[in-house]
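Scrolling down, you'll hit the structures one after another.
In the two complexes below, subunit A is the common chain; its partner is subunit B in one and subunit C in the other.
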Partner chain A sequence: MNAKTSNKVATAVIYSFVGIVVLLLFFLIGYILVNGIPYISWHFLTSPSQSFLAGGGIRDQLFNSIYLLILTLIISVPIALGSGIYLAEYAPDNVITKLIKTAIEVLSSLPSVVVGLFGYLLFVIKFGFGFSILTGAIALTFFNLPLLTRNIEESINDVPDLQREAGLSLGISRWRTMVKIVLPSALPGILTGIILSAGRAFGEAAALIYTSGQSAPIVNYSNFNIFSQSSFLNPMRPAETLAVHIWKLNTEGVTPDAHSISNGSSAVLIIVILLFNLGARVIGNAIYRKITSGRRG
Partner chain B sequence: MGKNNLGAETIMIPREEIAIETKKIDVYYGSNKAISNASLAFPRFKISALIGASGSGKSTFLRSLNRMNDGIATVKGEIMYRSTNINSVKVNVYQVRKHIGMVFQRPNPFARSIRNNITFALKEHGIHGEDELNKRVEESLRAAALWDEVKDSLDKSALSLSGGQAQRLCIARSIALKPDILLLDEPASALDPVSTSKIETTLRELKKKYTIIIVTHNMQQASRLSDYTAFFHMGKVVEYGQTNNIFTSPRANITEKYISGNFG
Partner chain C sequence: MNNIKKELNMASKETRQDSIGRFISYFCITIIGVLVISIIYFITSRGLTMFFANHVKLSDFLLKTTWNPGTLDSHGKPEVGALPMIVTSFSVTILSAILATPFAIAVALFMTEYADKRGAKLLQSVIELLVGIPSVIYGYIGLSVVVPMIRHIYGGTGFGILAGTIVLFVMILPTITSLTVDSLRAVPQHYRQVSLSLGATKWQTIYKLILRVGTPGILTAIIFGMARAFGEALAVQMVIGNAAIMPKNLVSVASTLTSQLTTGIGNTVLGTFANNALWSLALVLLIMSLLFNTLVRIVGNKGAVKNERKNKQ
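Here is the complex of A and B:
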């Protein structure tokens, strides 16, 4: 086979593999959307779920998912940012650093159901938090932290050393160089990582079944007192998320329209994740443009 | 050994006002000695060139002068600047670098606008007035012979500049801080001949106000640009003196070999 033909064959093989991935993705998303979208209505999105009757909505589950995600990001992003910066910029190249990195890798390969059980035993039972949004957020933080830390570390490492030297040579301290030069350059990568981890957290069910619970108590959306038991913002109340709801509908759902609600919820889940992706990318690019006065390189 | 005997007579002490002087500098990377016993005095408002083969230690030496080797290498000995030993742990290294600026081999503008590249460090050093900032931007860009090319696009990304323009922006960025001394580490080695010649013209202009120390691989550049030349070989300063003398009548054998292109 001459070089030209072998090149053509290799290209064709690569293209067909990519084609398979794209097709699978489109099929999966298409299937979920086609089956789910007909069921989505304003009523579906704004009414509470029903335990036995048909016609229930997903208002509380949708809100719980978003609230839980925000809480998770509030806890995990600063921690991941701190440890990512430390590992990328300050950690000496020694045994302890290697140990930390190995620990992070092990943590990232923990099955989410194990993380959930751990959260259940430690926070729900031992610390007496009960099934609550806070416990769920902590469990998701465990779940999120390793990938987020690795991602931030790598994004920071990707910024050329020349940029750091430039900062230092102008008499700017290492920390200020980090904050003002390196982090902005690493921002698009960091944002992508946060989006990906947010998508994972938003769709996570196993870790939440035992931590944030499987019940969606009726809450009052006009009560902004986070300490009030009936407030929608109370982090100590149990909260069934959308993904848990889908799991529950498909295992023990007794409403006559459980299947349709599950389809509709899945579609909403996918759409929210897509919107989140899109939104974060637009915002990320806008921030990057503002800082750098240029497009992403 | 004869002429290879590296006695003190091959290292000249300029009889001019000295801007910065090293006294018996040793530099170690771990246990590896990269520079030994380097004592050089650089005259004020002159261009001094550091030449030598790859690995001769000239860049390491240059980076020691504004403490850029902190955390990378161990520098022993004294570096006297304005009668202070700036190689002491007690010295504020950020102030040192403000007085002794540096430009690197590869242009490294920040991923920000052209204006921001210059104002960023100024703001970090506490200069905030809009008028003052604008004045410094224009002054430094003019001094780096870049003003006419970018005055209408100050808010464009610095990453859109060509290599030569970016390097002149880096020079402008350094001199905006009004340093005393400018260290340049092979500033033109990544550039085409036209950009190189622009940089050289710029440097000749700049030496009226700044002391310049430049590392270069390019012997022609050293001979046409510099007033003083130091030849480094295997971590030692072999010869130092007025550029004319070094290039026309080198005292050490090995200097002669290097400048006539027999090695390196």
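Here is the complex of A and C:
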């Protein structure tokens, strides 16, 4: 085979492999949407799930997923922000910084089931929180922190040094330069990262099975007292999320219409995650436009 | 006079602000450090309990093939041979990496060498969407598409290593692809220009030059993909069959470390022997994760040294 033929063959192979991968994605998303969307109805989204009867919905699971996500972001974003600022601005170039960076890498490559088991061991058992939304949010924070921290660090590093020098030359402290000048310009990148990590957390299940639990107790959506056991806002109640629900229906479930509920739930999950993905792009771009050229004056 | 002296000796408002900020950021980074150390400490101490408190021999754990922590064998010893799970975990990991790598390299080459800017961007979105799909969905599709297909073709239940491999292949494909793209983008543009100007075809340039220079990066990408495959729990658990026995072939039911863990932890009580045995599986997972991490470091460093030498010449 001469060089020209092998070139043609290789090109053909590469193109067909790429084609297969693209088709695969279309198949995956198409399969979920085509099979799932017919099951999505107002009734499906707003009625509680059933264990032994057909016709259950996903109201509580959907709410739990969203509530858990919000709690996770409330806990993880400030920590990631502080750590990202440290790594980008304060970290000296020495052994300790290297160790910290290694630790973050280790944390990001830990299997999520190990992170979940750690949460189970420490918070559910040792601290006696039991299976609860709070424990789940903490476990998801562990899972989220490394990627979020790295993302924030990179966004901060991307801000030109000139901006910092300008701030410092005005006699403003390093911290205030950070908060008032550098962070706003790093905001589009940071927000994109947060939204993407939210999408990841929304679909995560392995870390949650043994932390936020696998049961969705009936809660009262008009009870706003967060300390009441039946309140939907109580962070100490067990909460099955949408992803865990899909897993459970397909492994241990005895629900007669498990298949159609999984189809519908998967479609809801995929749609939410697609929205997150899209949102990350749109919001990132919009803010970037706003703080760069859109502002007048 | 005294006032001025006092004011001069006192930290200014800005200095105080700075030290508060410094404190906040130091505090946050400490949390992460403490977190990693405590994860490693707690999993390790739990995982070692079986060996120290229950006096199980490490060789029995790693080499015996019967996993049945609830019962005792004829010698009155508990049966905690984890070899079936370890073998299955490694099989699905290695097989899925072998399957995914050619596709990942092809997509990466397409993005860096063939496609125009728009095509590359489009494919980038494809990869990002694949990353974004949650693992339960991969597991669910595996359960409702891949498993019946295998059952149809090979008979049996359809659950097993083959189904696990196919699901993991799709899951690690984006990981390997995006890291490979990074490493290929890092190959300097003038390498390509020189090669093409010597009359080499595109494929010769790719095969003899770009892939060679990118090898350390591609290896790192594959190891990252394998780490992900090894640690993936739910998607695999849904399609592997969850029987802690030595896999006979690719389509017989089996169980990985992660699937055994997710199935088992809920059915055992903390502190019992059966539970301790499961924590030992978690320890194996942790150690493998650290090992993959080290491997990435070693490969990365080797690549760096090589490139430096090249630059000096």
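Simple rule for what comes next: the second predicted complex is superposed on the first by the 252 of 297 C-alpha atoms of A that agree within 3 Å, B and C clash if a C-alpha of one lies under 4 Å from a C-alpha of the other, contacts with A are read in each partner's own complex, and residues count from 1 in each chain.
What we mean here is this: a contact is a pair of C-beta atoms (placed from the backbone, for glycine too) under 8 Å apart; a residue touches a chain by one contact, two chains touch by 3 or more.
Quick caveat, the model's predicted, so the values are computed rather than measured.
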Check the residue A:171 against both partner chains and state whether it touches subunit B (first), subunit C (second), both, or neither.
-> both
First (subunit B), second (subunit C), both or neither touched by A:122 | second
Applying the touch criterion given at the start, work out whether A:291 contacts subunit B, subunit C, both or neither, answering first, second, both or neither.
-> first
Is A:270 in contact with subunit B, with subunit C, with both, or with neither (first, second, both, neither)?
-> second
Would you sort A:11 into first (subunit B), second (subunit C), both or neither based on which partner it touches?
-> second
What is the contact status of A:226 with respect to subunit B (first) and subunit C (second): first, second, both, or neither?
-> neither
Among the partners subunit B and subunit C, which is in contact with a greater number of residues of subunit A?
-> C
Can A:181 be said to touch subunit B (first), subunit C (second), both, or neither?
-> first
So, A:70: does it touch subunit B (first), subunit C (second), both, or neither?
-> neither
Quick one: classify A:45 as touching subunit B (first), subunit C (second), both or neither.
-> neither
If you lay the two complexes on top of each other, which residues of subunit A touch subunit B in one and subunit C in the other?
-> 171-173, 176
The answer for subunit A against subunit B in the complex is residues 160, 162-163, 165-173, 176, 180-181, 184-185, 291-295, 297
Going by the contact rule at the top, pick out the subunit C residues touching subunit A in the complex.
-> 14-15, 17-18, 20-22, 24-29, 31-33, 35-40, 42-43, 46, 102-103, 106-107, 109-110, 114, 123, 126, 128-130, 132-137, 139-141, 143-145, 170, 173, 200-204, 206-207, 224, 227, 230-234, 237-238, 258, 261-262, 265-266, 270, 279, 282, 285-286, 289-290, 292-293
Name, in rising order, each residue of subunit A that touches subunit C in their complex.
-> 3-4, 6-7, 10-11, 13-15, 17-18, 20-22, 24-25, 28-29, 31-32, 78-83, 85-87, 89-91, 99-100, 102-107, 109-115, 117-118, 120-122, 125, 142, 145-146, 149, 171-176, 178-179, 196, 199-200, 202-206, 209-210, 214, 243-244, 246-247, 250-251, 259, 262, 266, 269-270, 273-274, 276-277
Considering the complex alone, what residue numbers of subunit B touch subunit A?
-> 66, 68, 94-98, 101-104, 106, 108-113, 116, 120-121, 124-125, 155-157, 159-160, 170, 173-174, 177
